[in-house]
Amino acid sequence: MIYYITSILLVLIGMYAVLVKKNLIKIVIGLSIVDNGIHLLLIAIGYVKNGTAPIFSKAGLQPNQMVDPVPQALVLTAIVIGLAVTAVALSLIIRLYDHHKTLNINKIRKLKW
Amino acid sequence: MYNDKEASKIVDIIKNFARKHSLWIVAYGTGCGAIELPPTMTSRYDAERFGIRGSATPRQADVLLITGYLSVKTLKRVIRTYEQMQEPKYVIGFGSCTINGGMYWDSYNTIKALDRYLPVDVYINGCMPRPEAVISGFIKLQELIAQGKADGAKRYQENLEWYRENQRKVIKNWRMPEYNW
Amino acid sequence: MEINWSTILGIIFTPIIAFIVGVTYGGLTRVITARVQNRYGPPIFQNLLDIIKLYSKESNINHGVMQHLGPVFAITASVTTLFFVPVIKDSTVFTNFSFHGDLIFLLYIMVFGSLGMALGAGQTGNPNSAIGVSRGLSQLVGYEVPFVMALVAIMIQFQTTNLNDLLAVQDHFTKWIIFQSPFAFLAAILAFLGMMGYAPFDVVIAPAEIASGPPSEFGGKYLGLMLTSRSIFTFAKLVLFTDIFLGGASDFITLLIKTFILYMIPVLTGIVFPRYRTEQSIRFFWSWPLFFGIIAILVVVF
Amino acid sequence: MSPVHFIAVPLFAAFLIPLIGKVSKELVKIIPGIVLLYLSYLSISLFPIGVNRPIVEIIAGFNPPFGITLYYGPIAAFLTTLITLVGFVIWLYSYKFIIREPTEKYYMLFMMLITGSTGIVLTGDIFNLFVFFEITSIAAYSLTAFLRDRDGAEAAFKYLLIGSFASTFFLLAIAIIYANIHTLNLADIASKIKDIPLTTRLFILILIIIGLGIESEMFPLNGWAPDAYSQAPSPVGAVFGGIVVKAAIYSLMRIIFLMFHTADVLHFLVVMGVITLLIAEMSAMKQQQIKRMLAFSSIGQMGLVIIAFGVGTEPSVRAAMFQMFNHALIKSLLFFAAGYLVFHSGSKKISALDGLGHDKPITSFFFAFGALAIIGLPPFSGFWSKLYILLSVADAGLMVPVVLILISSIIEAVYYLRVVSRLYFYKEEATDVRRTPVSGLVAMGILTVVILIVGFYPNLILHWMTPAANDLLDKAAYIKFGLFH
Amino acid sequence: MNSIEYILFITFIGAGLTFIVHHALPKLRDTLAILVSALDLYFVIQAISEKSKVVLSIADFHLIWKTTPYNNLFAVLIAVLGFLTILYAHDFMSSKDRLGYFYMNFLFALGGMYGIVYSQDFISLFFFWEIMTWASFLLVIYCCKDAQPIGLKYFVFSAIGAYSLLIAIVMLYSLSGNLELTNLISNFSNFSVSNQLIVVTLLLLGFGVKSAIMPLHVWAPGAYFISPSPFTALFSGALSKMGIFGIGLVLFKFAAQSGYFSYVQIILAWIGGITALLATFYAIFQTDAKKLLAYSSIGQLGYIIIGLAIGTPLSIASALFLTILHAAFKAMLFMATGAVYFRTGTTDMNSVSGLIRKMPFSFITALFGIITVSGVPPLGGFAAKWMLYESLIQSRHYFLVIVVFAASTAAFLYLYRFIFSLFLGQEEKEWEDVKEAPLLMVIPMLILSAFVLVVGVFPGLILDPISQSMNYLGNFNFNYETSVLFNEWGNQVDMQTVVNTIGAVFLIVGLIITFKGFKKTRYVSTKDIHTSGEIPQENENLTYAVDFYKPFERAIAPILKSSIDKIYTGIANNLEQAFDYLRYVYTGNGQTYAMYVVFFLSLLILFAELIFGINL
C-alpha cells in the first residue's frame, strides 16, 4: 500500500512543480518526478510480497509466488522514454535560454492567441 | 407676316387672329417699369381680357417686355432672352428710358436707344407709363400684328450684322452663342 | 377587335369632342378664376386661341429626339386613355375599346404620358425641367396610392375590373358608387386633385420658382401639342371619374353636367389654396386620402 | 510482405540515415522517398488482403494475449495507406523545401514519425501503443524545434510539457488496467474490461480521454497545437495535420469503441467535438499568421471528426474516416502552399501575402484550391465528407450539432476566403515572379488531382470505408481475430 | 449520351478548357466560351423535345436529371441569357486581364445553373448550387480590392442560404432516407407537421437568399454593383432566378401538402411585398446606376415571390412571366449600363449625363428596359403587372395589392432617374468623345429589346410554356389567348388593341408633329436653354443630379432611417470582436495549458458519473 501512496504522492508533487514553479528546469524536474511516480506505481502493481524473480529457478515454484515480470519490462521501457523526453526537454531549455535569456516560463510566451 | 385684309387663305386669318389675341409676355423687369405690370395684370385693369398673359420662359413667350432702362450688363441677358424666343416674336419698349435713355440720358452704363440693339415693335411712352398706357400699347401691337407690320424678328434676322455691331460696341466682353434660328 | 363604322366614327369623333370640351373647360377655369379674383377674365375660348397660336409659331427648337417625341407620348396616352373609357353609356360609337381594357390598364396608360413627357423634359437639359419631373414623380407616388385604394375597393365590391360592368351596376342614381362607396369616392377625389395638378398641388409647374418646370424648354408646336393633350386628358379623366362614381352618362348633356360638376372641385380648390411643397403634398396624400382608402377597403371587406 | 515492414523499414531507415549522412547528403534525401515508396506499394498491395480478413501478426513468437500483436484490419489498412501516401507526398515536398541543415536529422525524425504513426495504427497492444506514441511525440517535439531561428523551441517546449502530461496519464491508465486485469492486449482488455469495477473503469476512461485527447487536439487540451503547427516547418505541419493527429484520433476511437462503447461516452465525444470545432474556428477567425490560422482550422476539422465518431453509427464513422482522409490531403496541400507563400513573402503574417497571387500564381492557385476544398464546396472531395457527416449526424437525430457545424463552416469560409482575397486582389500587378521548386509543385499537384478525382468519384474511397467503419465498430470481430487469429 | 449529359459535360469541360486556352491561346478563348454557350443553347432546346433522364451514381446517391416543362422553362432562360451575356462579354471584357478566370467561372456558374434546374434530387441540386455559388463569388470579387468585403458578404449570405438548404436536405434525408424529388414529394405528407414546417421554412430561406428577399438581401446591391457587367446581367437575370426556381418547387410540390400552406403563402407574400416596397425606396436614393438596378432587381424579385406565394393560376403565371421578363429587361438594363461603363469608365449617375445622342442604341435598350420594368403598356412588363394585380385582387389580398402598387409606382422614380442621369440631361463636354458601344455589345441588347416588344404584344407566346410548367407544378389552369389576357372575373385586356391604338396614335401624331414646320424646327444643344438670360460657360455643369429626389426623401424619411445592412454589420463586427476575445484562451503560457489539462481532468473526475453514466 505504501508504494501506491508514495507513488501518488510523487505524482502530486511533480504536478505541483509543473503547475506552480516558474522555472523551466524545475518544471522538467517536476515532470521527471511525475514519471518516477508512475514508474513506482507500475512496479508496485507487479510486486508480490515475498515473491521471487519470475524465473523458474526452483522446482515447484508457482507463478503466483513470482513477481509479475511484465510491469518491470514496462517500467524499463518507460524509464528510457522518460529519459529521452527529459533530454529533449533540457536541450530545448538550452535553446530557450539562448533565445530569451531567461528561464521564467511566464516570460516565454511569444506565441499566443 | 400677313395683313389680315390681304390674306388669301382662311388659315392665315385664323393664325393672325390667334396671335393677336394670345400675347404671352416674358416680362424683363429691368427697371422701375416692372412695378406697373402687377396692376396691369390684376383686377383693376385686367390685361388678361386681351389674352395677355405672363409666361415663365422665353421659349413659350411671344412678347418681350423691356420695362425700363437697360444697363449694359442687362442688355446681354435681354439679347439672349430675345434670341431664345420663338418666331413670331415682338418687343415692346416700355417707358422713356428705352426710347432715348430718359433720365439716364447721360449715364455711362445704360443704353439709350433700345432700337439700336433689338427690333422694337412698339414703344410705350411715359415715365412711367400707367397701366392704361400699357394696355393701349398692347392694343397697338395687336393692330400691328393684324396689319402684318409687327415683323421685328424678320428685321432682326435681316439686319443681324448691324445689330450685332451695335451690341458689340457696348458689350465689351462679348461671349454670345451664335444666333441660330 | 372588330373594325366597323361605329368604331371608326368613335375613333374620329371622341378625341375631337374631348378636345373641344377640354379646351372650353380650360377657358372656363380661367374665367372663373378671374371672376373669383374680381376680374373680367379672358374670353372663354382663350385656350383655343393660345393653342392655335402655339401651333402657328413659325420656328421651333428641340434638344433632341426625345424632346420631339415627349409631347407625342403625352397625347398618345391621353387619346388612348380616352379610347378605353366608355364616354357615353351603352353607345355603340362612344364606348370605343373600353371592352378591351380595364381599370388597371387605365391606371398604367394614364402614367404613360407623364413618363413620356418626363423623358422629353429630361432631354432638354434644363435643370428646372428635371426638378419639375422629380417633384412630379414624387407627387405621383403620393396620389396614386389612395387612388388605387379607392379603385381596389370598388373592384372588390363589384367583382369586376371593367368600366362597362361598373356602369351596368349603376343603373339608378341611388346606386351610383359615390353613394354606395362614399369613402372610396373621397379617397379618389382627393387623389384627383393631385392628378389634375391645380393648386395646392401645382408645385410641379411652379412658374415663378422653376420656370414652369418640365415644359420650360417647350415652345411652339410642342407646347401646343402638350396643351392639346392636357385638354383631352382632362376630359378623359373626368369621364373616367364620372363613369366610376357618378354612373356615367347616357347622353352628352348629362355627361357635360356631371363632368363639369366634377371638374369644379379641383378648380375651385385650386383658386383658394396656396401651394404645398412636394413632401407636404406627399404627406397629405398619405394621411387623409389614404385613411379614406383604407376605410373604403375595410368597409367592403367586412 | 508483412505488416511488420511498416514499422521496421522506416525505423531501420531512421537509424540508417545519420550514418549515410556521413557518406552522401543527397542519399539522405532520397532514402526516405524510397522507403515511403516501398511502404506505399506495400500498403496498396496488402490493402485488399487486410480489408477482407484482418492480418494479425505475432511478434516475437508469443501468442496473444501475451505477446505483442500487429492487427492489420481494414481500418489499419486504410490508415497505413493514407499515412504512407501522404508521407510520400510530404517527402516529395520536403525534398526541396528542407534546405536547412541538418537535413539528415530532419529525415531521421521524419522517419521516426512515420514509424510511430504506423505503429500506433497497427499495434494490438496497449503498451506498445504507448511506446509508439512516445516515439511519435519525441520526434514531433524535435521537429517542432527544427528551425532554430524561430520560436520553435518555445512551441516545442509547450508541446513537450503537455505531451508529457498525455503520456503520464496514458501510462497511468495502462498501469491501472494492468493492475486489474493483468493483460495488455487490446482485444483481451476489450473482452475483460467488464471485470474492472465501475469507478476504476471511469477513471481509466477519463485518463485515456485526457491522454489521447491531448494528441487528438480536443478543446481544453489543445493549447500546444497552434504553436507547434505554426512553428514547425511547413511539411511538418502537414505531417502533424495529416498523419500524427489521425493516428491519435484513431487510437482514441479504437480504445473507446473497444472498451467504453456506450451512448453517454459517445455523447460526450459529440459535445467535446462541437466545442472543439466552434472554439477553434472562432479563434482562427482573427489570426494574423497564416500557419496559426491553418492550425486552428486543423483543430476545428478534428472536432468535426470527433463529432462524427461520437455519433457512433456506421455511416457516421464512415463519414468521419472519409473526413480524416480528405483533411489529411487538403490540409497537407494548404500547409505546402502556405509554406512557400510564407517563404517568399518573408513573413508569417497574413497581411504580407498581398498580391502573391501574381508573384506566385501556381502556389497561390493551390492554396485557393485547398481553401475552397476545405470549406466543403463541391466538386472537391471535402464536400462529400462534410455532407456525409451532416447526413449521419442528422440521421442520429442530432440537429443542433448539424446547425453548429454549418455555422462553423461559415466562419471557416470567411477566414479562408479573406486570405484568398488577399492573395489575388489586394495588389494588382506582379512585382517579382518567383518559381516554386518542381518537387513542391508535383507534391501539391498530386494532392490537387487526388482531391478533384475523389470529389468526382467519392466511391473510390468510400468503397473502402464501409469495412473500415465496421472494423472499428465491430468489437466482437476484433476480439475474435485479435486473440485467436 | 443525351442532351442533359451533353449540356453538363460541355459546360464544365468548356469551363476548364477556357482557363487552359487562356494561357495557351488567348485568341481562341472568347470563341470557345461563345461556342460552349451556343452549344448549350442548342442542347437545351434539344432537351425539350427529348424528355431525357440521366441517372448518375455518385457516392451512395443517385443523382437524377430530367427534363420537365418547369425545368425547361428555366433552362432555356439560362441558356439564352448565358449566350447573350457571353457574346456581350467578348468586347466588354476585352481590355481586362484575368480573362481565363472570368470565363471559367462564368461557365462554371452557367453549368451550376443547368445542374440545378435539371436536377431531380436534392443532392445534385445542392452540389450544383454550391458550384454556382462559389463561381459567382469568384466573379463578384473579380474586379479589385474594393470588391473583397462585398464578395465575402455575398459568400457569407449565400452560405447561410445554402446551409439552411443543407439542413433541410439533411432533415429530409433523416426523415425519409432518400433524396429523390419524386419520392420526397410523395412522402412529404407523412412527416409530422412541425417537421414539414421546418423543412419548408429552411428550404424557402435557402432559396430566398439567392433571390434576395428582405431581410436577407443585403448582399445583393454590393454584389451586383461590383461584379463585371456581363456577369451582372446573368447574375440578376438568371442566377437569382434559381431562388425563384426553388421557391416555386418548394411551394407547390412540398408546402402545398402541408396544412399550414395558407399561412406560409401569406407570410411569404408579405415578405415579398415588403421586399418590393423597401427595395424600391432604397433604389430611388442610389447614386450609382448599377446599385440602383441592383435594388430594382431585389424589388422585382419581390413581385415574383408575391406571385408565387399567392398561388392562384394567374399569379403563378404572372410570376413566371415576370421571371422571364425580368431576366430580359434586367439584362438589358445592366448591359446598357455596362455599355456606358465601357465608354465612360463610370456608372456614377451624378457624373455621367447626356449620352443619348452618342449612344443611341444603348439608350433605346435602356428605354425599352425601363418601360418594361415600369409595367407601362405596350411592352411586356404590362402583361406581367396586370396579371399580378388581377390575381392579387381576386385572391382577396387587398392591402398587399396596395403595397405592390405603391412599390411599382415608386419604381417610376428610380427608373426615370436612371435613364435621365445616364442618357438624358445636359450633354457635358467631359463626355464629348463617347461613342456607341461595339457591335457585339449592341446586338444582344437589341435582341432582348425586340423580345420585350414582341412579348408585350403577344404575351401568349411565353404563356404557352409557362402554362405547361404550371401544369407540372400542380393543376393550374388559366385562360389566355395569344394577345388577350383574362382575369378570374372574366375581364380582359387585349394587348393587340392596346398596341394598335398606341401605335396608331403615336405614329399619326408623331408624323404630324414632325412634318409640321419641319424646315424651321431646329436642333439646339443642351447648353442652349433658358437660364434667365445668363449664358452658361462651356465647362459649367448644369446637370441636375445630386439629391435628385430630395423632396421624396424628406417625405419618407422615417422609413429610411433604419438600415438592415447596418444591423448585420453590427452583428458581424460584434461577433468578430467576441471571437477575438475568445482566442485569448490560448494565453501562450505552457503552464496555463497544463493547468487546463489538470482542470479538465479534475472536472471529468468530479462529474464522471454524471457525464459518462453508470452503465459504462
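Order of writing sets the chain letters: A, B, C, D and E. Residues in each chain are counted from 1.
Rule of thumb we're sticking to: contacts are C-beta pairs under 8 Å (C-beta built on N, C-alpha and C of every residue); 3 or more make two chains touch, one makes a residue touch a chain.
Quick caveat, the model's predicted, so the values are computed rather than measured.
**Student:** What clusters of chains are still held together by touching when chain E is ignored?
**Tutor:** Take away chain E: A, D | B, C.
**Student:** Show which chains lie in contact with chain D and also with chain E.
**Tutor:** A
**Student:** Considering only chains that satisfy the touch condition with chain B, which of them also satisfy it with chain D?
**Tutor:** Correct list: E.
**Student:** Based on the averaged CA atom positions, which chain is farthest from chain B?
**Tutor:** Centroid comparison gives A as the farthest chain from chain B.
**Student:** Please find the two chains that have the most C-beta pairs touching each other.
**Tutor:** Maximum number of inter-chain contact pairs occurs for C-E.
**Student:** Grab the C-alpha centre of each chain and report whichever is closest to the global C-alpha centre.
**Tutor:** The chain sitting closest to the overall C-alpha centre is E.
**Student:** Measure off the straight-line distance from the CA centroid of chain C to the CA centroid of chain D, and report it in whole Å.
**Tutor:** A distance of 78 Å separates the two centres.
**Student:** With chain centres defined as C-alpha means, what is the inter-centre distance between chain B and chain E in Å?
**Tutor:** 59
**Student:** How many angstrom between the C-alpha centroids of chain B and chain A?
**Tutor:** 116
**Student:** Distance from the CA centroid of chain A to that of chain E, rounded to the nearest Å?
**Tutor:** Chain centroid spacing, chain A to chain E, equals 68 Å.
**Student:** I need the residues of chain A touching at least two other chains; which ones are they?
**Tutor:** Each of 18, 27, 108-111, 113 in chain A touches at least two other chains.
**Student:** Specify, in ascending order, the residues of chain E that touch 2 or more different other chains.
**Tutor:** Those would be 520, 522, 524, 527-528, 530, 532, 583, 586-588, 590-591, 594, 598.
**Student:** Could you tell me which residues belong to chain D and also touch two or more other chains?
**Tutor:** Where chain D meets two or more other chains at a single residue, that happens at 157-158, 161, 165, 226-227, 283.
**Student:** Would you mind giving me the full set of chain pairs in touch?
**Tutor:** All touching pairs, sorted by chain label, are A-D, A-E, B-C, B-E, C-E, D-E.
**Student:** Report the residues of chain D in contact with chain A in the complex, numbered from low to high.
**Tutor:** Contacts found on chain D: 127, 131, 134, 137-138, 141-142, 145, 148, 151, 153-158, 160-161, 163-165, 167-168, 171-172, 174-175, 178-179, 182, 184, 226-227, 230-231, 283.
**Student:** Spell out the residues on chain A that touch chain D in their complex, using ranges where they run on.
**Tutor:** Against chain D, chain A makes touches at 11, 18, 24, 27, 31, 34-35, 38, 41-42, 45, 68, 70-71, 74, 77-78, 81, 84-85, 88-89, 92-93, 95-96, 99-100, 108-111, 113.
**Student:** Which residues of chain D touch chain E in the complex?
**Tutor:** Contact set of chain D toward chain E: 157-158, 161-162, 165, 169, 198, 201-203, 205-207, 209-210, 214, 220-221, 223-224, 226-227, 260, 262-265, 268, 279, 282-283, 285-287, 372, 377-379, 383-384, 387-388, 390-391, 393-395, 397, 399, 402-403, 406-407, 409-411, 413-414, 417-418, 421-422, 424-426, 428, 456-459, 462.
**Student:** For the complex, give me every residue of chain C touching chain E.
**Tutor:** By the definition above, chain C touches chain E via 1, 55, 57-66, 68-69, 71-73, 75-76, 79-80, 83-84, 97, 99-102, 104-105, 108-109, 111-112, 115, 118-119, 122-128, 130-131, 133-135, 137-138, 140-142, 144-145, 148-149, 152-153, 155-156, 159-162, 165, 211, 216-217, 220-222, 225, 277-279, 282-283, 286, 293, 297, 300-301.
**Student:** Would you tell me which residues of chain E are touching chain A in their complex?
**Tutor:** That would be residues 583-584, 586-591, 594-595, 598 of chain E.
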